[in-house]
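Okay, so subunit A shows up in both of these, paired with subunit B first and subunit C after.
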Partner chain A sequence: MTEDLQYVGGNYPVHDVAQKVTGELVYGSDFSVPGMLHAKLILSTIPHGVVKRIDTSRAEALPGVIKVFSHENAPMDGFSRARIHPGQDMSFYDETLFSEHVRFVGDRVAAVVATSRATAEKAAALVEIEYEELPAVLTVDEALAPDAPAIHDGGNLLFEHEIEKGERPDLEGAVVVSSCVSTPRIHHAALEPHVCVAQGHSTGGMTVWTTSQGVYAARTVIAELLGLEYHRVRVIKLPMGGSFGGKTEYIIEPVCAFLAHATRRAVKLLLDREECMIATMVRPATRTTVRTACTPDGRLLDFGAASTLDSGGFAASTPDYSIHMCKKVTKIYRVPHYRHEGRVVYTNTPVGGAARGWGAPEMIAASEVHMDRVAAALRLDPVELRLKNMVEPHDTDLVTGLPLGDARVRECLERGSVAFDWAARRARPAGRGRIRRGVGVAAGAHKNGMYGAFPEASNASLKMNEDGTFVLNASLHDTGCGVVTTMRVIVAEVLGVHPDLVAAGEADTATTPFDYGTYGSRVTYVVGECARIVAEKVKDRLLTAAADLLQEPVERLGVADGAVHVRDDRERAIAYRDIARLSQMRHVPSIAASTTYYAVSNPASYSVQFAEVEVDCATGLVAVTDFLAVADVGRAINRGMVEAQYQGAVQMGIGYALYEHLDVDEKGRAGVDGFKNYHIVNAPDMPDVQVLLVEHEGDDGPFGAKSVGEIATVPTAAAVVNAVNNALGTELGDLPLTPERIIAALHGEEVAACSSC
Partner chain B sequence: MQLVLTVNGTTYEVEARPTARLLDVLRDQLGLTGTKEGCAEGECGACTVIVDGRAVDSCMMLAVQARGKEILTVEGLAQDGELDVLQQKFVEYGAVQCGYCTPGMLMSAKALLMGNPVPSEQDIRVALAGNLCRCTGYTAIVAAVKAASGQDTRPLMEMPVEPGELAAEAVTDPDTLAAACGIVEAETGQPPGGPCSSGGSSEMLGFHSAPEGGE
Partner chain C sequence: MTQTQVLTPASLEELVAALAQATPQTRLLAGGTDLVRELRRPVREPDLLVDLTGLAALSEVRLEEGMLHIGALATFTELQWHPLVREHALCLSLAAAQVGSTQIRNAGTIGGNAANASACADGVTALTALGAVVITVDGAGERRTQSLDDVVLGPGRTSLRYDEAILEFAFPPLDAGHRSAFAKIGSRTAVSVARLSVALVVRFDADAGVLSEARVALGAVGERAFRASELEAKLVGRAADDETARLFADGCVAAVEASIPGRYSLPYKRHAAVGLAYDAWNMLALSAPSEPAWT
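Coming up: the complex of A and B.
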């Protein structure tokens, strides 16, 4: 490490921690406006059909009910919940505020607006809806059958793509291995349900308070649906109880905004847990077959994959999500030839869309479970096989053509193997009794923003107050993992002040500059670099002002501890507040700067993870007994929160591997309606997760930092599945590895060989 | 229906629907929104409060069942602006991310420590089994509860700095200031006030005592 950093790399709690531990913080679900009304959604109870009749008379007769809205009295223009800027490619306008043609159990049919939540709920039960049922297709195979009923005009094959890169080498004598992995539809399970409050103003404009990951895009979607100019729609981000991608797209905001606009009142739309599960968005279900060829000594020659992704009733972001599944493997392994075809398919099931990792946990489950099959076929240790094929720093990604940057995946694997004592643990016998033990490893890769695919940039301004404190103005969207703190630390480091002397707020389209929001692992890498640059600009202005006051050239000056000093005579220092106040007398009213930063690269972030499990062969239950996550983070800005975020990401990945799934029954109804039948890993079932950071700060993020939040969960499920297969000698590949599947595999039933593939 | 409840040491008389849950009365009628709702079915623990010394899911308890009882919510943990040791340790150990589970976690942990001042790690994990968290993986939460019971002393995080504490840190040395003031005076033709008028710059920010009419 070249620089001496004072604040970067420290350990800081999230910025609003004091308000969180005292219960003071007003989250979206706590937020209210005087005179606010409450809305309740009415959801389709059938998977596919047409609404023939809606009778709202009994509901509207109830005292306190303002109105019931449905396709009969709401705009029916299509919108894309996933569009982040107007005119964006790959936006599918296949959804309306309320559906007349319902496409899954949970599709929005109507909403009741009433003076209280209780009244709205009561009235919702009084709305009578008559459907004409249509035949439903509940799996991608049914949806793709030649005579399948079409869910949307244009058929059920929503999107197809294919990529082929590199030259296929001579495969003579190569060892060919095939595998298939399926991953489940899962609920993001942010602890706070989805919520939005919108207020229609008598001016015709409106204010929307929401727990979203991108207020600027929400504004465009809302404004266009309501026929308003963008400046009349102010969207403000509120503190939120988690998102994990589930609140990235605009699902309830347009509905709530419409209800407020139509009633010219303030309306709160707060979903319950079941509604969050079926009526917002799920991590899409996928299945991927992989076929590789390698030399007998374990060098990959060819990598072929075919994936199918279940989009559910609407497109949301799934086409882009599917494309990103093709951009993972070649970030990790050198492969002479890579081919991937993907299909995205509509079904009459809950909508799939943005989820932490954006296709990476799905694809890495397929590719890393596959790598263990290859290792088994070649009788190689899984670590050894991976090391033979891993990229080196500054390789180019075969698929995207972009430099991988200071890619340290190999170092992650090497250091992790030592720290986890991999060789010794892997050599230990699994046991023959009821409890079998195994270890597994998996490597994952993800990105740093949207450079290469998208005009990636951010904006920020920073001003100094007259007392030497700072205010950063950027459109931050903290989902709960410390974005605001990260920005404060970055600015503090540049300016040589404690992070608590830097204020930063969250996004508000009326007051903070344009930014895309918390997407695509871009915040630290792109917004953070923007914050660093704007802080450098303010520092330049401070130094210029101080140079006049100290009668010294700027080159001889430095900053530390809230003051500018003369570098070789540190006694001669002038505090920022004195610079500010004296500058005001010299007609420099404010020391401030603004900047736009255009991203210049998109390196890979990596994580290599090691799991140890114990499988109870009698019950099929798996206990994860030890876990190590190694993280190529470039540089940790806030070390404590990086580790904490990794621990949570591993918990999510263990759930993905072992417990979580949101299946539908033959009537299209979700088999789950709450946490009583949807299992989130709880405290007794979680191992203490060790986190090992690999830091080389070789890329273009602030102080060398790279992304953390998404990559952290990317390889977890694959590591756990590989550990279970190691313990049992099985080839399980259908996630989650429920006790039933494990017992079936132990009894030699035909499950592993791609029951669903 | 008239109800008398004692919440965080204050007695309230409220008018509640017979079907109102304790959670509704706390949040909607008393404005104590620190207690959260995550599932409404007794599964997530976000709504945990302490009733007569026991941790309960306030979404599963009717308000009438709390009649005449002593209720402690997250808002009642800190005393006279001083955080409870559990709150303090949740901050120091990085046990809070989105924080939506935090009030419930704190109340379950508080009930645990009230009955078992030195719990084992297993006791802690079992006591928190009904409190779901999607952000942290529980490692930091368990460590914080251990620390609150005096069993761990390696805080990870820096505590946020108290207001005013950092203000006086940056100093201007008097000679440098005098020279700078001279430069400004020469430039503007006026004696500068502010930091040049009294006692130098090292005073607390916001309390600058430029004498009235001092220029």
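Coming up: the complex of A and C.
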């Protein structure tokens, strides 16, 4: 363990907490610029068809309406909402600003620009649209039927992939177990809706303010689509009220930018909740069958999986998302042979795409529910079975070929079992009355950035002010989970100053250096290490300057409390403020440094989670009564924030397991339009979530830190489902386990899966 | 652009005068928990909004001439805690306590609950079991007293005319010989719309050891809350024991099956009705808690 850390590992509030509490913070929905216009989207009301006629005359006659835009007067070049990088593979350019061929209820048909939001809304209702309806396919099975209507040229099978690694051992005498798990389409449920403001300048350039997870990628998508040079598109990140992946891709930014460019005005596009639910992106529905073979004593010999993913009306990032479903199991278990085939299918439903965990919650639901089936088949305790198969630190991931690093999943399981009193709780009878109690466990894995797949790197500059305070310049994108604070703590630790003395802002393509943004669980591990290194460089400069001033060799100097001191004579010290002043007098350039950091590894982050549930056999309602999340975090930079991340992630995972689903009816309509009828878990139903951190610092993140944001929610749903199955003696695998599904199972009745796969 | 006129009457006379200006596009504002949401996305903007919240008298709860009167503007929070409601209409207090969130209960009113006519309105289910009448006034100053059943017709449908406002509800107060209960099943513990609810009022004759009166109202299983009269008749004259609890549960299931035959939600609701019935029954505290036999 790293000793003597002064700031790392403490508890710090999110950087803008005071502004949030006082209401001073200007969120995107409150943000305005002088003379700003307002846009309102008009969305398809049918799941599949062609726009035959758009009559905008009544709308455009309304005082205050500037113009109505649609496929008739907007560029119809295809774009990929998922494109991060100009040269990126796996970008599917199947989407246009406005659709002539509409592909789901919620597809963008037109937008009204007006002087006020109310006028834009009123005008939107006056636009008359005539459709020629086409037959719609609302499930994967319908989409793949031989006579199914093609949603895009090339058919509905958007993408297929297959991976096979390792050697299949002799399966003589092996126990074979099969299972199938489906997961629903769900809403990300960030409390803040999608919002963007774009200002078209008379020079032809533009400024875009957005609640995005990556301003450089937003710039790329906007600039390419509008044919602008990159330097003429300035994208600035706004404070963000949650994303969970829902704001990772560029959905409303290109639209808003186009409207601003076309009108040469500032335009705000703010979606309402229903629009966020159906017209942005959903966590895609999946179905995965798993077939394993293992020895009678429980060693995995073969792991085979086949998954199907419902992409919805456009590809977005779903092909890549599906591929990543193949990269989860072998991070957790030693498997001699792994085979996974996946397919991604277009349907006439809301678009699937980036969601926290990027395929991991889906795949881990399938694999960890499966592991409990294997345990049952072998009459092994689920913890015991998992321990027989888990990877050891510094194993290599069979599928990716990358080292797993200081992989502590086994330790998470062992320590968690003790802390949760697993053996005693598991041995307890479920009960025979109305309330049945059960416990479940699941292990999850996720990554740390994009090393191995992408040129993973980040940039940062750090300067010292003349008073000994610091300013970090990096393209930070805080989704609300404390990225800015994390960076300040890292820099503060290196430089021996309180984090309050380090300023850090968020991303702005005009002023902050290139960075991909907040996704891929890369920020702490990659950007954080970049911040640490640049702080080390500034520290070197300080030491060098101080060496002259103190007449001591650098090797004898140390930093603490905002000063450089002589290590074995701490009375002899010089404050940073004085170094700055004296350096300037000596014509020494300011104390500052810049760096580019290239990631050198991509270890796994792990979480093992334990759930206790009580199931009401009369109503089918499940109460999660206790929960323990064990986290292999390497090193917590901001302990309180890590714990809070886990608590929020468990809330999300319980919803995935028990409550949430965004289905469409036979006409392709979602039937939910807000949190009144789309239920997430609220406080009265939340257990007290305990978080146990496993810290080993064996990898290449700053002070040993590894990712938290995504892994935290990866195994939650599986743990809850396993607990319910334990309580009821069932083999439920279609998520969510709604009261209907549970009651039907208890009475031996059938109920359709929510998943469209 | 259309303009909405807002009137805030402060007396009954002013209310009548405001209602006299009403048209079919006029809306009445009470707690606003449904209406404000609707107004944010207007299909058609109201010409006139009559804000009832200035009428302090309409939130009164009082006992008068042998009837308990509940003002239309009484909020769920007020109903939850009001001593007269606790004493004489406990099932209404219990229902009010389970409506929405704290914020909704602080703003939402019993009059709005009825006028909005949702099939799963918790307050309406309780008032149905209590045998409430609805007292209204219109733009001509005319008062009408109608049974709740004649006012609430179905989802979003009432017999209220556009110039008619609910003033209050009235029903015979429950006395010391009565017990009442309300139970509901939502999709989560709190802030949840009822998927199934029951209000139960019984009178227990301690000397004879039997139920001498029984009223059962079911909510969220049909167009509107309704009384399960067949079941009520079966309960009268029975002891307060496990067997009666089972009969009550079976009767609730039968009533649910009869109310929503073939409905998508029936397979679930017919099973869940058993648990709901036992929850309500046990709240009466007439005997040790009963539980159905589980397999």
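One rule holds in what follows: the second predicted complex is superposed on the first by the 747 of 757 C-alpha atoms of A that agree within 3 Å, B and C clash if a C-alpha of one lies under 4 Å from a C-alpha of the other, contacts with A are read in each partner's own complex, and residues count from 1 in each chain.
Basically, a contact is a pair of C-beta atoms (placed from the backbone, for glycine too) under 8 Å apart; a residue touches a chain by one contact, two chains touch by 3 or more.
In this text the structure is predicted, and so the values were computed from the model without any measurement.
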(message) Tell me the contact category for A:E571 with respect to subunit B and subunit C: first, second, both or neither.
(response) first
(message) Let me test your reading of the model: by the given contact rule, A:K20 touches which partner, first (subunit B), second (subunit C), both or neither?
(response) first
(request) Count the residues of subunit A touched by subunit B and by subunit C, then name the partner with the higher count. (result) B
(request) Look at A:R432 in the shared chain and tell me whether it touches subunit B only, subunit C only, both, or neither; answer first, second, both or neither. (result) second
(request) Tell me which partner A:G620 touches in the superposition: subunit B (first), subunit C (second), both or neither. (result) second
(message) Tell me the contact category for A:N682 with respect to subunit B and subunit C: first, second, both or neither.
(response) both
(message) Tell me the contact category for A:D665 with respect to subunit B and subunit C: first, second, both or neither.
(response) neither
(request) Could you pull out which residues of subunit A sit against subunit B in one structure and against subunit C in the other? (result) 272, 676, 682, 684
(message) Show me the residue ranges of subunit C that touch subunit A in the complex, using the header's touch definition.
(response) 1, 41, 185, 187-193, 265, 267-268, 271-272, 274-276, 278, 291-292, 294
(message) With touch defined as at the start, can you tell me which subunit A residues reach subunit B in the complex?
(response) 10-14, 16-18, 20-27, 29-30, 118, 188-193, 240-242, 244, 272-273, 467-469, 479-482, 497-498, 500-501, 548-551, 561-563, 571-578, 581-582, 584-586, 640-641, 643-652, 674-676, 680, 682-684, 686, 688-689
(message) Could you list, by residue number, the parts of subunit A that touch subunit C in their complex?
(response) 63, 121-122, 272, 432-434, 616-621, 623, 659, 676-677, 679, 681-682, 684-685, 738-740, 743-744, 746-747, 749, 751
(request) Name, in rising order, each residue of subunit B that touches subunit A in their complex. (result) 17, 27, 32-44, 46, 73-75, 77-78, 83, 87, 90-92, 94, 96-103, 106, 122, 124-126, 128-142, 156-161, 166-167, 169-173, 175-177, 179-181, 183-184, 187-188, 190, 192-196, 201-202, 205-206
